[in-house]
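In the two assemblies presented below, subunit A is common to both, partnered first by subunit B and then by subunit C.
For the complex of A and B:
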């Protein structure tokens, strides 16, 4: 019962803050509500005992990436007159959400049929540091290393692009 | 008993973080004065009782609390402006939650963890909330609508992002060494001896220790890395537009962050609550002997302190005679403590578990205050780094050094465990 109440509260916070993130006028409002979204998703992880995912979500997304985004927003120093005039924003949002409805119905149906929705998180160790580590480095070791090479390529690419002299 | 033991670490967290702030402010001023060859604040008193000057920092806190809540008229985003100091404060406070103050206590087959949060996350929890602390600074600087504030906030952000990488990597090498992320298990590991030297983190991993301490200074925006509030260039940095208790929260948050990183350094690198060569079971088994040693230490130290105090406490103040009051209190307290301790030392009462727990609190506190002293000592010894020097140190020196350290650690750990 306790968990259900917490889940409902956290889910509401997640949904409201992500809607605010999409519809906010100023970029800083979007960035800050995105932080709230990420932290409440982290809390949802904690609710199913996935402690490692909880803490990694906060360290990497809420801690590092979002502070870089905020840093860039501050760096650009956007004034209110520079922002685009969004007169019909609410109508656009309404129209697109109506168009999207059938697709989201399919998506919800898929999620409801998935393994985790039917059985729930049965394993107590789901998402603890040992479990995640063992799964990553035994079952998924090749994709894991490939992803890290991909990240390295992106890193080197961005450095070379920024160092290029025209 | 059950409730008390569960609440105890929470109360201790508040004591170590909030209640030490006036003491830290006092230490900062008196040690700064010591280093600059002057006396520091020591005249403020309540009816003649000065407590060596601690009353001065209490008075300062009272001043901040009762000051007028002033709103600069150009602030447009009042919500962000108001919420920024509380974010800085909250995240600094939350980092304290995973520090173990004593070993797990077993009473009547129930195990009580002496951390405020009984979680295994340990170091990762600290990293998570230390990283969130920078939002307070970013928001405060941005919402202030002031060039100095925004410059300070940008400096702080760039510095924290840069140093967090090196901090995380130096912690990775410690995780490889200890083989766990739980702070309590790390402290238990450090109870071992390595030949004749205690296997503390500072002995096993000197490079990681140095990197971590340097990055901890940078993360908490302490001097020599306090370019974010460099008075000579950008007034007061991100808290230029803040006054009264809104500034007070930033101020307290800085000290709590310093206390939390000090506690983490003690836990990971300086053996936590352990005495060298003595594990918790040794202490519990020889509890009577330990108590006799403590009684001897209490007698000698209070005698030395009394002699020193009576020689140097010579300012004439109005009100009570301070020296007399202190002498009475110290003698009375020492006699009381000796009576209580000898009750257990003679074997009449039996409380070795709780006694060892209290002893470990005391050891942890002594180590923590030594770390506070080091933080303050460095602040008043080294001049502030220039901003580009800070960045260069973080990215060009500390980051490669910690990467190399991880490789060496991994090779050594795999090599040592290869035969097994």
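For the complex of A and C:
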């Protein structure tokens, strides 16, 4: 029962802050509300015992990626006339949500009709760093190594992009 | 709980798609893409908790790593594009389409 109440609160916080994120005019506002979204998603991870992913979400997303975004926003020194004026922003948001709503309604209806099992976790070790690490290094070694190549490509790409002379 | 998690993930995904389509500010577009990845992560974690199988958690770890490398590329793109155009409007960024750009 306690978990359900926590879930409802966290879900409301997540939805409200992500709506604020896509509708705020200044990027600093949307970045700050996106931090709230990410932290409440991390709390939702913790609610289903995924403790390692909870830590990773807070360290990497809310810690590294979002502070990088905030750093870039402050570094670029964005004034109001650098922003796109977006006169019809609210109309665009309304029109797009009207278009998207039927698709998500179909998906939600599909989820509600399906008979996916609702077991809940009984195993104590589930989601700990040992469990995830053993799975990562036994069954998922190849994707893990490919991710390292991807990170190297992203590193070289970002250095090359920012060193271009023109 | 699993159904509630899946429904929340669908709602977050739809919010991300709405932001991705309707905004012109490139930083908000980037954060909408991150929101899409997070919605997928949320449903993966819920499924893995329900099946007591940690493969889906490894998948979402890999998704987080991909999001981190995407963040590095996006940030350097923001800096280069902002230096060239002096604006964050996604409609101005068409240098790939110019003939002698």
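A few comments on the model shown:
Note that in this section the second predicted complex is superposed on the first by the 137 of 166 C-alpha atoms of A that agree within 3 Å, B and C clash if a C-alpha of one lies under 4 Å from a C-alpha of the other, contacts with A are read in each partner's own complex, and residues count from 1 in each chain.
By definition in this document, a residue touches a chain if its C-beta (ideal position, glycine included) is under 8 Å from a C-beta of that chain, and two chains touch if they have at least 3 such contacts.
A quick note: this is a predicted structure, and the numbers were derived from the prediction, not measured.
When both complexes are overlaid on chain A, the residue A:21 reaches subunit C alone and has no touch with subunit B. In the superposed pair of complexes, A:51 makes contact with subunit B only, with no contact to subunit C. Once the two complexes are overlaid on the shared chain, A:92 sits against subunit C while remaining clear of subunit B. Once chain A of one complex is fitted onto chain A of the other, the partner contacts of A:74 are limited to subunit B, with no touch recorded for subunit C.
When the two complexes are overlaid on their common chain A, residue A:64 makes contact with subunit B and with subunit C alike. Once the two complexes are laid over each other on the shared chain, residue contacts for A:154 go to subunit C alone; subunit B is not touched. In the superposed model, A:129 makes contact with subunit B only, not with subunit C.
Of the two partners subunit B and subunit C, more residues of subunit A are touched by C.
Contacts of subunit A with subunit B, set against its contacts with subunit C after fitting on chain A, overlap at residues 52, 56, 64, 68, 75. Looking at the complex, you find that subunit A touches subunit C at residues 3-4, 7, 11, 14-15, 18-19, 21-22, 24, 27, 30-31, 34, 37-38, 41, 44-45, 48-50, 52-53, 56-57, 60-61, 64-65, 68-69, 72-73, 75-76, 78, 82-84, 86, 89, 92-93, 95-97, 100-101, 103-104, 107-108, 111-112, 116-123, 126-127, 131-132, 135-136, 139-140, 143-144, 147, 150-151, 153-155, 157-159, 161-162, 164. Subunit B contributes residues 80, 119-121, 124-125, 127-129, 131-132, 134-135, 138-139, 141-142, 150, 153-154, 157-158, 160-161, 164, 181 to its touches with subunit A in the complex. Subunit C meets subunit A in the complex at residues 1-8, 10-19, 21-25, 27-28, 30-32, 34-35, 38, 41-42, 45-46, 48-52, 54-55, 57-62, 64-73, 75-80, 82, 86-91. Against subunit B, the residues of subunit A that register as touching in their complex are 28, 32, 35, 51-52, 55-56, 58-59, 62-64, 67-68, 70-71, 74-75, 77, 128-129.
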